[in-house]
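Note that the chains are named A, B, C, D, E, F, G and H in the order they appear, and that numbering of residues resets to 1 at the start of each chain.
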């Protein structure tokens, strides 16, 4: 009747995000994510709207309220004081990232326009493991990897393992490199 | 002539219609049901009768139910011809109802409620047809009658009646939809009216070929009249229980057919119009052929009711012939024959039914010597047969006399010959029955010499109708007057 | 302010929405809501009809904008008549179908009623509107709801029939939309009256011709004129009973209405019959449709299928009549819209009642039905006679006008086809009646010979117990059957008071 | 030809060149995975550059409204920078899970049609 | 400036054509997906360029934004298909 | 010849819409797979939308949103009809698009239903399955 | 069939080509379509309805009646998908996942033998772990998308967009949630009942605005009749806004309904 | 002014349409159909129909494609033509 299907299923949990916050803390802070979401939403509304008629402002407030009320747990499944720090550090990370991205793109342009492209490229799949834990950190690193030199994140595991497709050897060798340190630094996970 | 507006014609039509739900709801109490039938029939008859004096005074009763299109309303109009027909039909309905009680209960038939209900519907349609003021109304009731009689014809619900029912419908509906309807619409298209009028509705809008085609469409289209070659539904319909055959296939259905033809000839085309194109001869020719052929066929039929059926076909054509003679006397004769033949033929059918109820036999070859067993029935049979043949002292003689006069008046010796020949043939197929019923050797007789009549409810009606046939010879005045008035309306007026 | 023209449409729509909410909150409330909204709509429609008869066409501007800019509802005799018909039939059918719906879609009857109301909204809107594009939207709402309902029917084939219907229906609607586009590019307007005023000035235009052809072909596809009918039989035969009863009488008839509306109120007689002189060809198409529909119907073994082919046949009547090019033909066609809707409704009511008890309605399954369901069969018989064209049922009178029109136009082939189809229908129905009337006798009652010896003592057949459909259905059927006769008797009035004023 | 125009032209042309590289890369690259590199990266930067150029262009009639519109454009850029790598990742993951084998230099160009390898994780 | 925009736009159209090549002839479905994704990104820019040509760029930004987002959704959905269903090659799929 | 060229150039939008429409129509009738047919249906409907939008286009005009400070107070300025594209076809086509997507959704649902029942979407196979029964 | 298709295509194409020959040139400002009605709309709409977006003005006011039915069509489509596909029958097979170990259980019996809770979860047959990256990015993006969708709804009369577009975008954001997490997350968050009621309510808002105008003594949908309540100022624009909100509600709900029903074959358990 | 873009995109549209109905894989059809909608959206934008473009972008490119993929997910990718 009951057969255990131990097929190759990953042991991660899609429903529960892995906050380090316990249940009790969540209840205590449940108002803060809502407020922050609300403010963020309203700011977005103002940028989008560009119209400060009272009617539209009030509509904006209502809309922000609706979104924040129903979906604040999406934006901030768990909120800790660290978020502000993360935000600041992240802002500092972006310019570096952009420069990296531009570098990566010139590299790629060179490859693409090279007449003997197939001799230059040498696709690899490489695995490496990091000690990143939070989803945000994992995602940031993954997207950064995708955007920067010749590498695309294929999969990530929740334990911080990465599988990356690299277009050529130099790109592959550069991994995980400084980027990991920077990302870990942002999220305070560089143990 | 005055036109009197009165709701009576409508009531006369409706009374049996309205009683239908009552009949259905009292299906578990046969006596109550039959009682209602009689009540309705009587009321109907009285209503018709109450209009008689008005008509005899030379007036007509009109009533318009609804307006459909200009010149084609659903309207009633009681004139002498219609009156005559209605009188006959409503009177015979009472008699037949009585007869059917005897017959149906005697045979323990199933579905009696259905039977009486549709019977009532059929008689309503018949009266409606008789009182129609225009072709549209006539057609309406004609169709209702066709459909209402279908369950009666197929009453037995077996394979045989299924085949017959199919044939019945094919002929009746096929011709009415295929021929009468277009012909009617053609008329309306040309003239813009369908009202019956003595002078006809065409005033020179129709050329002779067109008129011929139209006339033939009508004559063949009213297939209930049994004009050959659209006659074969009638013998087939004899699978029905005898009361049905009696009332419907001797009186209501077939008479509606000929009545319609007479109406069309007199009311739509007009006698004068037809004479001017000499179209009477065409119809008369067809009718004569039917008369002769059907009489000849009747000679060879062994089944009682089938012989009567073929006889009916021939007799109906007399009426058509009478109308087609286009002479006053001929038309009078034709009209009278509607009544005379009705009383005569219904008697014959009653007799056939009574014999079936009493003995279960329906073939003539099985009826040798039956006169000893059922003397009353067979006496009535004799009177009916005489009436059909056209011998005094029966009503049939009067009508046939007028027909003969009509042929003389129109100087149509061929038709005279046809009439006489067919009378001989009539005699030839009726007289042997009577002869063998009474004058057979004891060895030949198939029955014991013991009087054992059918149930009383069967016998009384046939005695009544036989008597009426007899009486009509001496007192044909009511019908004669009506016919004469009608003719005056068609020709003189 | 006379808001009735809007109420006719809005009441069912509001009903649908309230029922839509109720379906999730309290399922039992949907049926009364649906019933009430349709009742209101029917009352408003009757009110419209009376107003039109007394004081002429009503004009109603949606949102208060005057016609060429806003959308206009213009109710004249024709609209009002068809509106009464639609709302009345929808209401009656809802009354009749309660049990059927419970039987067929037990777990989602609430949504069924919502869809039903939306369908009615579409039909009513199509009929009321005076705007060409609005018409398209409403046709689509009607179509969409009927696609769904049809797919809900037969478990095996409903979905396939519905998908086929979608393909063909979309082609039809799109052709219509394209035609409207061509009209728009030529006139710059979408209002029917506005367009009609501009058309006489551009009769030579090839664009207008194409617009006309596209519109008419689109409508023909939607109404299933003979060669374009392929979607109809399956779709209607496999629909659930509660819905088949309304879609079969109304959908095609409303499309005929659209055709008449386009012919009379948009393009105009002059353009169609004088400039283009298309009459002959189309009347021939009608003739072929009549004959083909009848003949295919004859070959069907399933009662529902047979009915659907009869619809195809009747469409031929109306198309042919409308295109005869004379007043009589048009009168006949319009009258037949009304009559045919009633007739088909009665037929499908009866068939629905049979389905309720029998499940399968192949003709051979119907044995002994007269004894089993006398009332249903009574209604069925009257409806059948009406289709055959037996007076005084209404079918006769529209046929009367159609044949008169055919005579006037000299289209004798069309008249002949009408008569032949009457005969075919007669054969068809008597085939059914025979089965219903005769068959039980073959089993066990031993009535093969004429004389009735050995019968039960009371002389009646007691063996077959009466098993009627739900009372509501039967009563509705009775009402509709009687109305067939009443409408027939009053067809003169309808023609004089409503149709002729509209045509002139 | 003021300075803004030059900046705009520069951004647009450079964006266009990135796009061009992306398009050529998509056509030229030997297999699915390597095609994703130009598609994922060059296009992202292309959008960034061009939208930024247009945002700057939009500012030449300076007003609050224009500023907000430019802000909206930057929102697009942000959005693309977030979504594009995710989409790329999603596609490459799909390829992996579906069992498409990557091209490697050793195995040559006929790899694409080889048997898909079952890839489980 | 308009001519410049127009020529850039035409150039983008040309690039779209190149991406379209992948779309039309991509050996696997995912290649087509790449092509569509590439077309989508160019379309965003093209929309804004058209806005500039009409000099109503404020109106076109909304569309571009919506567009970028919905393109993302579509691509995610299409690739998500392969997370649950195996078998990439065309016509090789049979259940 | 120049006239013909003019004819072609002036109305190329209309010619191409016809081509598109015929592609859709052909797919609807000629294709065997139900979903392919649906795609054809959508192409067909889009072609009509193209036609309508082409009607609305006006050379030298801008999009049908009145310029100005978000409309308020712009009523003072004179609005010239030639400056704006005809909004009516756009309105109609919005409706048409919505209708087409609704139809598309329903048709998709039906396809899923059919597949559940018959395990195929090919028309000929469906026909075979139906006739087997 | 192919041949038939080809013939029909040729015939139709020929017909259309024939009709096209006479059309005014593309973009001709003097064609009847661009002069007859459109001039009135362009010159009068802003003044009469106070909506700078002419399309919205015509859509929601002059031809608001059309749009109402358009919304009804959308509602109808949602209802159709529900009616056609929704499958209330209980599942025969159950799949469970042991949360700590990730082991999958497959129970073939109809009876529920495994109690779900902290240890075991209900799973789907085709369940695969959702992707962290996609999940996280979508999680962050979705609220922004939603506020954008609401912005589009609210600004229907100033800029392109309106209820329908906004509704679709909002709906897509919810669909994105379902795709990036899994369907159950969505269904748990936005229940079926809520969607059903919401879709009706959306259209009801639209029709209700029209019907109340009728009750206030105007024609159906005549927003001007609300002036006594909300004041003369921008009353028609306000009416349009209300209508757009209704459309947005209905469209959002319907898009989600259609998606859920199609992707899970009406069982509301598993999806893309 | 913008007619060259218009013409080019129209050509694309037709390419996409032909490809969408001739690809022998329904998922491919879905994707190409998405591309077709992108093109259409551009076309509307070029012709100044912003609202239509917006709708097409949201419906054709987004929701429609998702529905399509969902339907293909629940049925099959197989097609004979």
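By our rule, a residue touches a chain if its C-beta (ideal position, glycine included) is under 8 Å from a C-beta of that chain, and two chains touch if they have at least 3 such contacts.
Not measured: the values here are computed from a predicted model.
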Closest to the centroid of all CA atoms, by its own CA mean, is chain C
Which pair, G-H or F-H, has more C-beta contacts?
-> F-H
If every chain is reduced to the average of its C-alpha atoms, which one ends up farthest from chain C?
-> A
Chain of greatest Cα-centre distance to chain G = B
Chain-centre distance (mean CA atoms) for chain B and chain H, in whole Å, is 78
Taking each chain's centre as its mean C-alpha position, how far apart are chain C and chain H in Å?
-> 38
Which integer distance in Å separates the CA centroid of chain A from that of chain B?
-> 101
Inter-chain centre distance, chain E versus chain H - centres from mean C-alpha coordinates, in Å = 10
Could you check chain A for residues that touch two or more other chains and list them?
-> 10, 44, 48, 50-51, 142-143, 153, 155
Multi-chain contact residues (two or more partners), chain C | 133, 137, 140, 144, 147-148, 151, 159, 178, 184-185, 190
Residues of chain F that touch at least two other chains are 12-13, 25, 28, 32, 54-65, 67, 70, 88-92, 94-95, 98-99, 101-103, 105-106, 108-113
Hey, which residues of chain F end up touching chain H in the complex?
-> 12-13, 16, 19-20, 23-24, 27, 31-33, 35-36, 39-40, 42-43, 46, 49-50, 53-54, 56-65, 85, 89-91, 93-94, 97-98, 101, 104-105, 108-109, 111-112, 115, 120-122
Please give the residue numbers of chain D that touch chain A in the complex, ascending.
-> 17-18, 21-22, 24-25, 28-31, 33-34, 36-38, 40-42, 44-45, 64-65, 68-69, 71-72, 75, 81-82, 85-86, 88-89, 92-93, 96, 102-105, 109, 120-121
Spell out the part of chain D that touches chain E in their complex, as residue ranges.
-> 5, 8-9, 12-13, 15-16, 19-20, 22-24, 26-27, 32, 35-36, 39, 43-44, 46-47, 50-51, 54, 57-58, 65-66, 69, 72-73, 75-76, 79-80, 83-84, 86-88, 90-91, 93-95, 97-100, 112-113, 116
Touching residues (chain side chain G, partner chain C) in the complex = 15-16, 18-24, 31-38, 40-41, 44, 61-66, 68-70, 72-73, 75-77, 79-80, 82-84, 86, 88, 193, 196-197, 199-201, 203-204, 207-208, 210-211, 214, 217-224
Would you mind writing out the residues of chain F in touch with chain G in their complex?
-> 7, 10-15, 18, 21-22, 25-26, 28-30, 32, 54-61, 63-68, 70-71, 74-75, 79-84, 86-92, 94-95, 98-99, 101-103, 105-106, 108-110, 112-113, 116
